[in-house]
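In what follows, a single structure is set out as structure tokens and then discussed.
Chain lettering (A, B, C, D, E and F) follows the sequence in which the chains are written, and residue indices restart at 1 in each chain.
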Amino acid sequence: MDTAQFIIGKFNYWVYIVLMMIGFYAMIAKRNLVKKVVGMNIFQTAIILFFISTSSKSGATIPIIQNAHGDAAGHAINVAQYANPLPHVLMLTAIVVMVSTFGVALALLIMVNRDYGTFEEDEIYETLEVLQLKK
Amino acid sequence: MITQSPALLIIVPLIAALLCLLMGLIRRGVCYPFVVATLGMCVIFSFDIMGTVLREGVIRYRLGGWEPPWGIEYLIDHLNAFIAIIVSSVSFIVAIFSKKSIEQELHESKIIYFYTIFLLLITGLLGITISGDIFNIYVFLEIASLAGYALIAIGRDRAVLASFEYVVMGTIGACFYLLGVGYLYSVTGSLNIMDLTTLLPNLYQSKVILIAFAFFMVGIAIKIALFPLHVWLPDAYTYAPSTVSALVAATMTKVGAYVMIRIMFTLFQPYFSIELIPTTTILGWVAAAAMIFGGIQAIAQTDFKRTLCYILIAEIGYIVLGVSVANRSGFTGAVLHIMNDAVMMACLFFIAGAIFYKTGLRYIYEFKNLHRKMPVTITCLVIAALSVVGVPPTCGFFSKWYLVLGAIDARQWFFAFLLLASSLMVAVVFFKMVQTIFFAPAPAMEAAHAHSGTSHHNEEHKHSRDEAPASMMVPIFVMVAGILLLGIFSGQIISAIIQYTVPEGF
Amino acid sequence: MEVVNSIRPVLAVGVSLLAAGLILITGERARNLREFWSILAAVLKFSIVLSMVPFILDGKLIEYTAFNIAPGLSIGFKADALGIFFGILASFLWIITSFYSIGYMRSLNEHAQSRYFACFAIALSATMGVAFSANLFTMFLFYEIITVCTYPLVAHKETPEAIRGARKYLTYLLGTSVGFQLLAIFMAYHITGTLDFSYQGIFGEARGVVSDTLIIVTFILFMAGITKAAMMPLHGWLPAAMVAPTPVSALLHAVAVVKTGVFVVVKVVVHVFGINLLWDLGLGTSLAYFASFTIVAASVIALTEDNLKARLAYSTVSQLSYVILGIALLTPSGITGSIMHIVLHAFGKITLFFTAGAIYVAAHKTKVSELDGIGKEMPFTMAAFTIGSFSMIGVPPFGGFISKWYIAMGAIEANQLPILLVLVSSTILNACYFLPIVYAAFFKSPAAAQHHHGHAREPVHGVALAGIHNPHSTGSKLHEAPAIMVIPLTLTAIGTIALFFAPDFFLEITRTALDNLRGGR
Amino acid sequence: MIWQLDIVFLILVVISAIAAISVKDLLSSAILLGAYSFLMCLLWSEMGAVDVAFTEAAVGAGISTAFFIGFIYQTTRRTKD
Amino acid sequence: MKFFAFIVVLFTGALLIYGTVDMPNWGDPNSPPNSHVSPRYIEKTLEETATPNAVTSVLADYRGYDTLGETTVIFTAGVVCIMLLRRVK
Amino acid sequence: MKERYPDVTIETICRLLIPPIQLFALYVIAHGHYSPGGGFQGGCILGASFIMMFIAYDIGEVKRKMQEKLNTILCSTGVLIFAGIGLICLILGANYLDYGILHNILPVHQAKARALGTLGIEIGVGIAVTSVMVSIFLNIATAGEHEGEP
């Protein structure tokens, strides 16, 4: 296979990998807890991009059957004409999961802020050490 | 007539969670009995499922009536049904235990939410357990995880921070799992486990499959806190409320271990995960490291629950080791250990909860002479400890027996030795604890001696007995009875259930 | 061989378990009732064991399988001659020890007596369990129970020293039994597929199928795992456990723990490996030399110890290896000697420990160097001590002679003349560390002892003892320990002599045991 | 599906993702995350996944950003990295 | 720490790239996902569920159970937020 | 959120925009069968419209419009509608969530019954999502202080 074609043919995948790496890096390397959550969001969105990419067909349209109000049974449906709906459904679920996790993470962060007054990991650990010493 | 128990097993706790919230807004007091009753029903359903499986073989329940590759199905064989029984029974007992402990550790206005989330967590776990669709497992994994994050976050001290760490790690784990699903989907186009089982063998040479497998494994390893990826667990489980620690320690990691087994040996054939790629070798060494690391860390801890957490990490190592030796004895040991460990960990965390409830003590060095105050609890602690160490009549011995036999059958002498060495480390942990409890002179007593010279005898009457209330003691007794009975009847359990769970070719 | 299915072995195990429960329930409120349970259980146990003797002498076996846990893994009981032998010994000495314990505990007004008696009863149950075990698994189970439930006994005093000693005790026993013995059991199960004892030996039957190397490794693991037998590199727990109250030391060093150890060694050698196999592989001889080394080395260490109980402890280490030596010779006389030594040493050593305890209770002395002239104050006690010492040394009218004789015979039968040399030198060493005590006790001036009197008390016990100050200790001529202590030790001393003149009963059982083995050949 | 458009969107998405995690102000980060989501949603609708795009527009660019801004309003927009 | 994280991320990325090499090309109408399970959804959605939007029919009917799980997830998130954040007065 | 100055521009625009938005949201929920959209999307939009209201008006207004208790009940009810429709199928003798069986009680043929079942659960999802989104936003944006006794 031609290298250029190989790269172009999977361009979506390469980009999703880059996005995933960005998100993953933010999750494990950023010292700010909110940035971790941002990274989490990017990570999950990247995975959604990946799934959507698997569903796409060249030259296909959105998966809503046309002529729906006409005589559907007699009308032959050309599968190649419509995009694959299954990954879309899965990703709807994934988006919901994403926003739920996001909400929960933000709620936790508000509690963190109540306790420590900051989102910086190093500052939190300093506070913890001070608390430890007080004991 | 298809049994409807599989569907009811999930929707009963789910609907109960919704109703619990609604009823709780009207009257707070009804939540607790309602939750207990619901989980009691779950226990009945899970036993019914087990009965059906034993009578009629594998259950394939079509949700929505759509045939499998298109719709979602429940796929229940002996392994699932067994895990479902463990999860539902343990959570039932935890629910009984929860009343007093939660009333003490939580503000009363939060109790209804607590019980709602408690039921949702169990819904999630049971959903993972009986699902036959890899994406559906992800969805329920997220329900369980979200509920788990919240339940851990309502603990004390650093609970919120620990919970946040858990959110980050848990999301990475879940996302890796989802990536695995995606990779499998992109080359097979299917999500159904049975369908994939027939599709995958033709694709074993594909790199996509290999990476999918790797991501599945890493994702689940994070969820079950396998050794190098365990960092979130000790903090999270230590600072969670006692009830929650007992529940999550006993069930969540076990369900994760189940998913790992399911992926390694049902989704992928043993041929793939053992011979084609050296998963079992890697897992074996990782598990061995987990056992040793868990043991060493457990010795070094002073917080009781934290000690238990590290022991839990070691126990997960046992289960994974049993899976990784890949033979009949080892696998039997792993499945048996899933059950035993659930019972033992629940029991130990119950005891930690009871002690905390009654005395507010958390550190082991504060437990001096606790046996005078809470003799029954301490007796139960000793029995549970013996089981974790693996002393014969208790259940812990028998799973270790099969694990070691499995290691020896696989010619892994080193692993067999490490299993025993890790037991010894756990023995040291509990030995230190028992020594502190029984043989450390209380400071008050020493002082009394120095001044008045009264005999020990008179001192004994100063410690009045003060046990935890019955709603906490009964679950502890049930678990202790379980530890003893499951040990004695482990042979029957193996011949009735576990032997069917062993994958073909072992 | 005829097999009788009877629940008696289980009863023998269970009766003291029940007693332990009753003791804990009765507790501190009704002390007499509590002690009554102890003694009742001891007597009952002894009679149950005795009731099994006729069957055994008829050449029958008593079997009972309690639980089948998994294929090849069951809790089963089997009383054969060897087991009965050990059972009689342990249950008989428990009666005596019970009385003695009551005296000791009450005189010193010790704390936590309920725990003490309950643990004691459980330990005895487990000892019975080992004696009547039908397979390696049951044996291991009870072996572990002994370890665990004697731990509170060793740590009884709850002083830092006691806890340190107890920790060492548990580390050694639990560490090796889990690390080596359990592994060995796993290997045995893996190699042969069974754990049930057989007279040819489990490995004996599997001979030829398995590689010899594997058998040798398993054997070494077993020997390293049975630390209760206190073979030399792993004997450290025994002197450390000397911090325990004296009746416990008596129990540890005469009956329950160490004898369980050597009994397990005997069982493993005979029933797991089989005499023929070991003979073929030459493992017996190696073990014999190993034991010989322990005999001599421990005796030498005993010479240097000043603490009476420590000296007795090293003596025990040395004497236990006699048993192992006898069995390792793998000849009929050697085995007879070693089995007889289990009982004869038990009587002798329990006498010695009882006297040590009596001395501590009456005069608060623990050091050998303080015993000058004590024979005049405590004539009965010291007479018993003398008898015990002579039995240890192996002088004729005392029991110890018989077993040494048989072992020597065994050495000759096995053509192991160096072993004879070991026996002789050990006898001389025994004499060297026991006779000076006897001499000092009876013939030296007691002046020095009076001087030491005040220092002999350990600080912690000083408190405990303050309330009950022994009226005799003010310097009257004769102050023995309470009668409830002196009588048991006199009885065991008499027993030591009696066994020399009438060993028939035990020899008969030993012979049955040997017949069983031969039948198996 | 127009692949040129696709590539443009992909590049923009990557840029906004990097910007979102590296900007030293949480409010900017929130807005950039919203932009990222919105670009993602355009990308998906362009790939034929209208339902997902619709959801992402409602959730990622709408609700999530609202959550995030509300959250920052309650806490702080300070960040060190 | 950052360096270590960077290595981990690069490693993960490398693994993913390695795995992607064997994947069907983007937009390939004959790739397994587009040819194995999903055609039926498109073909039969009108006939079986009277819903022209295949996504809706799959979401709510064929895989309705997933959607139940999804709704439960969001419900969980809601209850979690109430429980965690509600100030006790 | 804290009290703020009334801003005429924002208030007016919101007052104008919110009704069409809510109408559109209901359309999205109901028309999910024929066009992109469905319960989740519609619910989000509906939720967003309420959130807009909160941003535009002060918190007192909000409390009157959307009480916490009502919100919680709606969350629960939404999911309950979904699970309940499944349960009705189960009671009627089919498997869980098998809406086809609904034609026994509805005057339509099987495929249409499925569509109606789908509509039912979309409505359930819509209610649940709306109230959950509002509730999460309220809690996060006020750090849990917007209402006293829960």
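The rule is simple: contacts are C-beta pairs under 8 Å (C-beta built on N, C-alpha and C of every residue); 3 or more make two chains touch, one makes a residue touch a chain.
Since we're looking at a predicted model, the values are computed, not measured.
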Chains shared as neighbours by subunit A and subunit F? B, D, E
Among all the other chains, which ones are in touch with both subunit B and subunit C? none
Would you say A-D or A-B is joined by more C-beta pairs in contact? A-D
Centre-most chain by CA centroid is B
Tell me, please, which chain's centre (mean of its C-alpha atoms) is farthest from the centre of subunit D? C
Max Cα-centre separation from subunit F goes to chain C
Whole-angstrom distance, CA centroid of subunit E to CA centroid of subunit F, is 22
Roughly how far is subunit C from subunit E, centre to centre by C-alpha average, rounded to an integer in Å? 69
Rounded Å distance, subunit A centre to subunit E centre (Cα mean): 9
Rounded to a whole Å, what is the gap between the Cα centroids of subunit B and subunit E? 27
Overlap residues in subunit E, where contacts from two or more other chains coincide: 16, 20, 23, 27, 31, 33-34, 37-38, 41, 46-47, 52-53, 55-56, 59, 61, 63-82, 84-86
Counting only residues that touch at least 2 other chains, which ones in subunit F make the list? 34-36, 38, 40, 72, 75-76, 79, 83, 86, 96-97, 99, 136, 139-140, 143-144, 149-150
Expected list for subunit B, residues touching two or more other chains, is 14, 18, 21, 63-64, 109, 135, 139, 142, 146, 149-150, 153, 179, 185-186, 191
In the complex formed with subunit B, which residues of subunit F make contact? 69, 72-73, 75-77, 79-80, 83-84, 86-87, 90, 94-100, 149-150
Subunit E to subunit F touching residues, read off their complex: 46-53, 55-57, 59-61, 64-65, 67-68, 70-72, 74-75, 77-79, 81-82, 84-87, 89
Help me check something: in the complex, which residues belonging to subunit A touch subunit B? 20, 24, 27-28, 33, 36, 40, 43-44, 47, 50-51, 54, 86-87, 90, 93-94, 97, 100-101, 104-105, 108-109, 111-112, 115-116, 124, 128
The residues of subunit A that touch subunit F in their complex are 62, 64, 68, 92, 96, 103, 106-107, 110, 114
Per the touch rule above, subunit F residues touching subunit D in the complex are 1, 28, 36-38, 40-41, 44-45, 47-48, 51, 55, 133, 136-137, 140-143
